[in-house]
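Below: a set of structures, written as structure tokens.
In what comes next, chain A is part of two complexes: it sits with chain B in the first one and with chain C in the second one.
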Partner chain A sequence: MTMDKLSAFEYAPAPESRSVVDIAPSYGLFIDGEFTDAADGRVFKTVSPSTEEVLSEVARAGAEDIDRAVGAARRAFATWSALPGSERAKYLFRIARIIQERSREFAVLETLDNGKPIRETRDADLPLVAAHFFYYAGWADKLGHAGYGPDPRPLGVAGQVIPWNFPLLMLAWKIAPALATGNTVVLKPAETTPLSALFFADVCRRAGLPKGVVNIVPGYGDAGAALVAHPDVNKVAFTGSTAVGKAIAREVAGTDKKLTLELGGKGANIVFDDAPLDQAVEGIVGGIFFNQGQVCCAGSRLLVQESVHDELLDALKRRLSTLRLGDPLDKNTDIGAINSAEQLARITALAETGEAEGAERWTAPCALPSAGYWFAPTLFTHVTQAHTIAREEIFGPVLSVLTFRTPDEAVAKANNSQYGLSAGIWTEKGSRILAVAGKLRAGVVWANTFNKFDPASPFGGYKESGFGREGGRHGLEAYLDV
Partner chain B sequence: MSEPTRLSVFKTYKLYVGGRFPRSESGRVYEVTRATSAAGAAAKGKSRSKGEGGGEWLANAPLSSRKDARDAVVAARKAFGGWSGATAYNRGQVLYRVAEMLQGRREQFVREVADAEGLSRSGAGAVVDAAIDRWVWYAGWTDKIGQIAGGANPVAGPYLNLSTPEPTGVVTVLAPQESSFLGLVSVIAPAIATGNTVVAVASERAPLPALSLGEVLATSDVPGGVVNILSGRTAEIAAPLAAHQDVNAIDLTGAAAQLAAELEVAAADNLKRVLRPRAEDWTADPGTDRLTAFLETKTVWHPTGSLGASGSAY
Partner chain C sequence: MPTTAPAFADATSSDSALRRFLHGLPGVDPVGLEARAASLGTRSIKATAKAYAIDLAISMIDLTTLEGADTPGKVRALAAKAVHPDPTDRTTPATAAVCVYPDMAATARAALAGTDVKVASVATAFPAGRAALDVKLADTRDAVEAGADEIDMVIDRGAFLAGGYLKVFEEIRAVKEASGPARLKVIFETGELSTYDNIRRASWLGMMAGADFIKTSTGKVAVNATPASTLLMLEAVRDFRAQTGVQVGVKPAGGIRTSKDAVKFLVLVNETAGRDWLDNHWFRFGASSLLNDLLMQRQKLATGRYSGPDYVTVD
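Showing the complex of A and B:
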């Protein structure tokens, strides 16, 4: 193809307007219904990963602030838990509605702070956030029907620590079931993506949520550790890395704190020779390049039946060459920015390890912007199970391709991992789907689809991907004294 | 000269691992004595020599080593595929068979439980009956828990979305220290009912009913390795099991608070599912807590699509 023809098909910029969101130059901690400075006055900057522009300066919670937030949540607990479920439900319905109303504002904000494409925040994150609050709102006055006894009780104060990859959605996954069941919360957003949680604090105020029921304490790992270790916290919920999850499990050992962990993954996406390959290609792309691969349930290991390996890889590379990487606010962008310089360095190092260990690297041909943190879609072929890039979670847009000959081999390879969060199966044969799905040791199995989420669908891992489920009736258990 | 009284045959109590009855590989044993509250009553009968605990000696039990614990995990892992893959109906019949076998050996267990726990014959009888009934209770649960704990989820899209409970894998069970038989059955039965395999550490002071239960399981169609029973020092055996990378879960019921906390820390290394010790009344309705404690939820999605003009399903 000549340059002329290529440029004829280029997309004109189609940026979403930034004016829909008004980011203040500074934000405080949200404790007991008020924004306040950190006790020691510390702050940190949050930057837009696609431009490295400083978006705002945010108060940084320390141990003293955590103590204050837990105290506020404790004081609020008696009243909140004593409310009739139908009244708690109405607060949550209000929150869901306000989020729906302000969803474009939140989508732009999330894209600015996180770096993910507006298409994803607008079409996936925000609709799911609203749906999650709407779903759990409905449970608040029906808990006696949930299979946990006639009158299941809340636990008390929930300490929740969430990651940066789906900042507002992870907040929703944590706060909605906690509030529906009558708990109060102290939530620590990730240090690189604090803004949507702070905007959510404003939603709580608009909804008239009683003070202290939701407290937002942006900060770093020290704040999360203080929250997890706080003696007056009854429940700890964490989404993040397996290493930190293990540290948290050690910290709460011997206490009465209930713990749920949603951790790392190395999902296998298995493509059989009879699969609809065009659809499989779309599923593979969505599986590993959605949110720049910064997804715990990403299909980061592609297991292809040997006989269709070459055909599938050709189609996959063709498709990857059409992905548009760039300004996350552009409505045509497929691949946004990596969330932080630190994460980019981690992805870069693991990709280099892949090359050093002998896997064959292919990178989609695309220009990277000069500012910001970027990593082009990359895949590795000739990967064996012993390779680091087949074992460790990369948490970036890097796909490791392995092959298999028989279904048994596919299952054995898929299960050969410390993780067990997600898996994918592509085949036209129904009995094979069911047989393979039954043998995979993974909490979520997508057959002829991938990366689908719903508030009614329980999500969570086997093995070292954590324990407990979020979503659905199952998600209530994590916040009930059962 | 009167006829000599017949000398009874003592039993050598052995471990139950992988469907076999090995001694501890360490060659060690420890003395098991009658429970102290029964010692007074026992003194009226013929007396045996006093054991190390001061009570009347009952038998020597294997003093399991770390190696015995690891061997038991290997056996339990080997059995997991077959047991978790068996139909729920089949598992139910096997558990019911355990109740049948126990019923037939009721007298033996009444004697052993009376000795182990210092109970009267009628008190021990009630315990054994409750234990038999507990097997029946869990036998009936095997093919029902899936409908209670799983189901179809009404997602907002054209997808079939189904959640199914599945067994966690190899579960280490520290059986309660006081309730040597009913408590033991109450922690083993729910774990295996759902398809897990178990390494059980018997009550340290009163392991004999547990070791005899192994003989019942061996003749109840329970595949070898599904339940493995170790006797010895709970702290010594539990430490390697809590740290074992091929154990998926640990029930700390039989651990005192300090030990339980230490084991929970060790268990975090591979994120074992942990059931902490709690106040228990083994005679109460067991509910479903212990069934669901060692289950994973697997959720499977598939497009439903629509049958368009092309007849394509998606």
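Showing the complex of A and C:
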């Protein structure tokens, strides 16, 4: 062989081109079909978390702007809700197709504004966004067959507040069912990731969506609070932290606003000794390191049967050593940037708590870029139920590893959480999957997989993970007067 | 008989012990395995990495002709191609081996005299493997005597599917002994074993019996080497080395025709078994038309132009 045996197979940089997306220096609020400045003229900057580069300056909505947006949505509601479902479906199908056509542009934009790898925005976020619009477009003219009576009516104006972890996908989860059922929308994206929602406003215009049906009001918590408290909002949908969710629940108590909350989680990924171990390793990695662990349904607690603990951990560490952290626009990057300095500080503090409380820390060997917000994939062993990192949501690339001895103990530990959003079961034994799944108090239970999403499947939590379901036929209920 | 690694003496002491061992290996979830292979298939290999991968892939090819119509002339042409795949560019690496039927091994040996290119010969009543053990062993000895450096044997899939693991095991050991100094590649015909659990069991069975290489396919059935089955076999050799210290090679064969496919397989090797296998002593492609596609891609990288099929030799 003529080649240098020692040379390694180093992947050359393979960056996706930024030129497919044209980010303007400034953006307004999208109200009543037009982009406008905030009433008080305030703006905020949105940065790329991987470089800290300022991407654009965005109008910051205040209470006055929220009032204007809700007014526009109210005016649009009369005609929008009176359209036959088949007509509303046409708009939704059109939106879905435009998103597919512009998916590369949206993928790059989302990666720039959020910090997640292009591999994920390209292969997960964008296909799911389009699928969600296609799925609910299909329901628009079939609502009489959804099990909510022969002609279920919409609620009115939906006030929707979404997080920064899946900006466009959470928008799709909120807007698609709302429009399909005949509601109009005021949506507030997160302050660190407003851009894809503003680009979506352009999609609405190109789809010919009537003015005021969708309004996008970027801003901070005060804008969200004003939206939730607005007296002319009929429906509040929130995805985000449990603390804010509780505040929203208190705010709408005593009103006739319908509420759905999709909050935090501390998902248990349970690996039995008869699991398909190589695939379990992949599922664990996908469960906690997908989107840098900034996923409400992340499998952040690994419950592994003690008899395979060492074997599984060796395989897991070997696998984590192959993860590629770096430029999120590089097509070979597995782990991107943390969304904000604030989130990075929170992850760092919780990881330090893990060490301080005596858990054993292991970090994947990888160099972190000098600019931007980064956290290397990390796992903790010797974690028990009493550790903070086994109880609190870290919302970052940090896995807590616990052990169990019997199926009953696995179930007890998995359920011993204030949350109940997701869980995973890994075993080759079908009867065990069914027995354990039936006992887990989690809204989603995956068997021999993790973090698999489909618009036809309802999603939502038990306990402090929230209430109400998004996706599937069940997702219609939150937007219907039933 | 070669001795079995002491670690497996108990496991191979009887049919039932061997069955218990093989069925005790962790199961394979097909959806997860295929998803992992597909995910690695999205790696984007560009520029210097692509140039490296193309040369590596060329150097790993067992350039193969296994036809009833094979003649000495055809084999000599193939041998010449193996030594100098691109006559216009002498920096092009040679392929790893030329792979032929046993009766062509002497012709290949003569044509490759004085080069580093190995002679690989299929044997054991390839491709069906439906012959008596004596015939298979004679076939093997003939190939080695004719100058084969490597023997590509087929397992008895019928015996395997009927649960006769020990019979398959003993047959591999017997062929290994008959191969003498030649390296032994054991072909499972993964398309006929059908399930991933079977492929994992066959991989361990083959390695425990002394295989130097485990190989997916003959290239003669509908389903040949797939990324998922190759990934699974790479996991097997990785785990086998971790347990025994013995490194075994992997050879996907059949159906790999484009540079893009070959690079995807190299990514599987790189991110599963690791860099220790990124070498033609430990990884091979059983292929024929793949070489010309690699050469065209190599020319394009060097010149910036895609020359077309008239600028590579047809053999």
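In this text, the second predicted complex is superposed on the first by the 475 of 482 C-alpha atoms of A that agree within 3 Å, B and C clash if a C-alpha of one lies under 4 Å from a C-alpha of the other, contacts with A are read in each partner's own complex, and residues count from 1 in each chain.
Quick note on the criterion: contacts are C-beta pairs under 8 Å (C-beta built on N, C-alpha and C of every residue); 3 or more make two chains touch, one makes a residue touch a chain.
This is a predicted model, so every value here is computed, not measured.
> If we overlay the two complexes on their shared chain A, which of chain B and chain C does A:N448 touch? Say first, second, both or neither.
both
> Looking at the overlay, does A:C204 come into contact with chain B only (first), chain C only (second), both, or neither?
Neither partner.
> Touching A:I338, do we find chain B (first), chain C (second), both, or neither?
neither
> Should A:K246 be classified as contacting the first partner (chain B), the second (chain C), both, or neither?
In the superposition, A:K246 contacts chain B only.
> With the two complexes superposed on chain A, say which partner A:H474 touches: chain B (first), chain C (second), both, or neither.
After superposition on chain A, A:H474 lies in contact with chain B alone.
> What is the contact status of A:A437 with respect to chain B (first) and chain C (second): first, second, both, or neither?
Only chain B is touched by A:A437; chain C is not.
> For chain A, which side has the bigger count of touched residues, chain B or chain C?
Comparing chain B with chain C, the partner touching more chain A residues is B.
> Would you please give the residues of chain A that touch chain B in one complex and also touch chain C in the other complex?
On chain A, the overlap between the chain B and chain C contacts is residues 279, 448-449.
> In the complex, go through chain A and note every residue touching chain C.
On the chain A side, the touching residues are 1-3, 5, 7-14, 119, 123, 274-279, 282-283, 322, 331-332, 428, 448-449.
> Would you mind writing out the residues of chain C in touch with chain A in their complex?
26-29, 31-33, 35-36, 42-50, 52-53, 55-56, 59, 91, 93-94, 96, 116, 235, 266-267, 270-271, 275, 278-280
> Along chain A, where are the residues that touch chain B in the complex?
Residue positions touching the partner: 131, 147, 242, 245-247, 249-250, 253-254, 256, 261, 263, 279, 418, 433, 437, 440, 442-449, 452, 454, 456-460, 462-464, 466-467, 469, 472, 474, 482.
> Which part of chain B faces chain A closely enough to touch in the complex?
Checking each residue of chain B against chain A gives 148-149, 153-157, 159, 161, 163, 168, 248, 257, 260-262, 264-265, 267-271, 273-274, 276, 289, 296-303, 314.
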